[in-house]
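Chain lettering (A, B, C, D and E) follows the sequence in which the chains are written, and residue indices restart at 1 in each chain.
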């Protein structure tokens, strides 16, 4: 039995229905424990003050924002190559979540930037490329909304996602070239030297895991809704045919 | 008209869809060179959809078509006429795209010589229609697909058009048209599409990807 | 249909132009309530131009029309149908604009009830045409001007439409249409436009503002 | 006439997020400016009022051709002209629908964009006020331009060309109002001028626009 | 295929000054900027490269929806798809026609606009070079956006929303090239990047655009 079987809407509905409660539970546990740990049991950093706690939302949201586009890229490719409907619907379901994650990263970043850099917004390359990523999400969502026929929309947004991924990366490099910024480098590197202290690190990991599960749960729910809607549409059209 | 004599169109068990929904299924017919077939059926049965599918403008749900879209010329209501170009310029463009002969013969065949230098937006509905049909002649393709070709044409022009079709058939071409009125062609057969109306999947029709989801 | 009984349309010596050039001149006719008049003539004679002029969409060159455009409902090929609105929404809008009654009767008269919730862009050519004609019914105006109303309609729909026209005439309305095919209306007369074809100014036709400049 | 407004708003929403698109375009322009002129906060702050007003103006401009062209193409305009409602009313409703779908969202979202361009805090209020006063004029003047070009196939660029000169006074006083407000200078004159332009446009332009439509249709 | 190019150019000319309109729009944007940001020469000179590039980009954008929409509406696109020429070739010709009618006139007229915005003399050459290298990419990417939205009624704003993010890298390197050139700094990297983006877009995007058109037509 191949993995592609789950791309069949019926199989997908059955399996996802069974898995969903566990994913939700995992998300809740990770998020709750990570947040509580991070917010109440971690000392304030000497040079960051209390505002460091934004990190528990900011960093996971930022990571999700990037990775969701990656996930959409993969599912779009699967749709374009193998024409599995569930795949396209998953991409569609993920996009608004990605947009919201980008927005959360931007807003928490802005909230953080005020005490840290003394400004709400700076044209730092990383911040800027997030703004551009947000635009890509908006365009992607708008295209889905504008095209009536669902399969056409899936194809078009799939192509847009592919080309968009290339240009999003290109924009990142262009922005880097254009302005060397203020923002931190990657802190999650495995290199222990660069790493932030463990006290911050473990709750952060929990939060990231929580965001991932949360995202999976949301995508499953939204994909299931989309499938139901498609089924409903098919039924209505059938009625007219009769 | 360089029609390959063996290139009769054969359609087998074709199913066509519009808006993601099967409209016709199990359509089978053959169209020999020199023959014309008139699609009949009430509004909304799927004539336009069938013609577009055969012309390669939309994919079929199922079934086989023996002839590639490259030998089919399709003409619908909107005929790719540019309002600001003159009649001759419009035709000349399509002739160039299809790499075919000069345009004077098609112009005279559709009785458009006197209008040749008029911009297309100053034509009346019927004159525009004649220009659209003249475009068929410059494609040089053997199989014509015509969606309500005689709309807006007066009786003289209908007769003119019937002669052009007859010529085309005489040269080994063939034609498939959807129309509600009678053209008076001698070598034409009718094909009623009503029996091919798609049934609901429960009744044995073609089922979509989402048909079983909640059952 | 609140047709003013005395509101027969009288046209006298009308001249109409398109593209700055007289097309028809000296057109005179009368259309009594309860009567239908079918405009005949070859393509390009000026039927569309005449109808648009009477409907107040373009000015006449000369002549008199006894009835203001406010009592005329005009329907052409492009019928102001919004592709993204449903059939019912489209009709309801025009009903609101004309401050008229509910739309359920027009819907049923044109056999559109089952399509009422469909967006207009998913209709076939004939279904769209029926919607366009249903719009006439919601205007509540006594005089209808129809430009090739039966284009794309199948035989059943043509019959349906003929019934609707007959109803309208029975209620004291009147209709003026341009069409190339026969509708089978009982109370209709034909008006051939060929004799009214505009002559060149030298031959006694209407002369334009610049016609004498070089003579 | 209300039916017309409702229909236009509904069409805008159906066309895929009517309200959001103008906003998104504005956001994009604001994002692109720093790429062009460099990321330095002080320069950005100085040109911010001008850029924000330019962005609003371009967002308006891009959606102008929808105002009448679609109705012209599908024959609705012919029918509206012969309908029992005054054509001036039709024009006003069209302009109102345009403002509701492009102008108003801009007014509401302007502070965020101001933030992105480092507009000083005190200027934010002036920005919102100036846009609130000025954008109706943009919509009405744009409707006039759209009426002039209604018969032309894809008159997009021509339309911009016609309309932009009309936008100049609004732009000048709008941007001036914001930058004076930011610097704490007297703001009465630009304020009054802006309000005056808008009031006069709204009162008079619909007649000109209706006349233009009548000419274009015949 | 050449016939297509000729037809498109002829249509652009007939539509009322095809070549001039993009230019005129560019001119208007450039004139409006000083109204928005104030007339000080030093500020203008500093933001000039960015503004000129932004203007070019917006002038491109405004004419994008003509690329396929007209052909779609009158059925030409259906016929072109079934014509015996590759759809990719059609896309390339369309992009080329767009560039010839909007991009090239901008390149030629750019020095004049540079003058208006007090662009320093040495930067003029760089401005022309950067536009010459960059505008083809704008046309090709725009063609892709137009292909994506071809089936949609009046997708104008959506088109801008889709296309503008794609323009970011070109804009950054283009404006950077001019401002580095003006300051006598090293220009190799932006020059190479700009050329690279254009070359890659021209080589690859037509395939994506052709695929989008095929999807949209079915």
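Brief remarks on what is shown
Rule of thumb we're sticking to: contacts are C-beta pairs under 8 Å (C-beta built on N, C-alpha and C of every residue); 3 or more make two chains touch, one makes a residue touch a chain.
Values in this document were obtained by computation on a predicted structure and should not be read as measured data.
Annotation of chain B and chain E: jointly contacted by A, touch as defined at the top. Counting C-beta pairs in contact, the chain pair with the highest total is D-E. With chains reduced to the mean position of their C-alpha atoms, the one farthest from chain C is A.
Inter-chain spacing, taken between the CA centroids of chain D and chain E, is 24 Å. Centre-to-centre separation between chain B and chain D, using Cα means, comes to 45 Å. Centroids built from CA atoms put chain D at 38 Å from chain C. Chain C has residues 77, 83-84 in contact with two or more other chains.
In chain E, the residues that touch at least two other chains are 15, 152-153, 158, 161, 164-165, 168, 172, 218. Annotation for chain A: residues touching 2 or more other chains are 132, 135, 138-139, 142, 146, 175, 178. Contact residues on chain D toward chain E in their complex (touch as defined above): 15-16, 21-22, 24-25, 28-29, 32-33, 35-38, 43, 46-47, 49-51, 53-54, 57-58, 62-63, 65-66, 69-70, 152-154, 156-158, 160-161, 164-165, 167-168, 171-172, 175, 179.
Here chain E touches chain B in the complex through residues 2-4, 7, 10-11, 14-15, 71, 73-85, 217-218, going by the rule given at the top. By the touch rule above, chain A contacts chain E in their complex via residues 132, 135-136, 138-139, 142-143, 146-147, 152, 155-156, 159-160, 162-164, 167-168, 170-171, 173-175, 177-178. Across the complex, chain D meets chain A through its residues 15-17, 20-21, 24, 27-28, 31, 34-35, 38-39, 41, 44, 115-116, 118.
Residue ranges on chain B touching chain E, taken from their complex, read 55-59, 69-70, 72, 74, 76-85, 89, 93-94, 96-99, 135.
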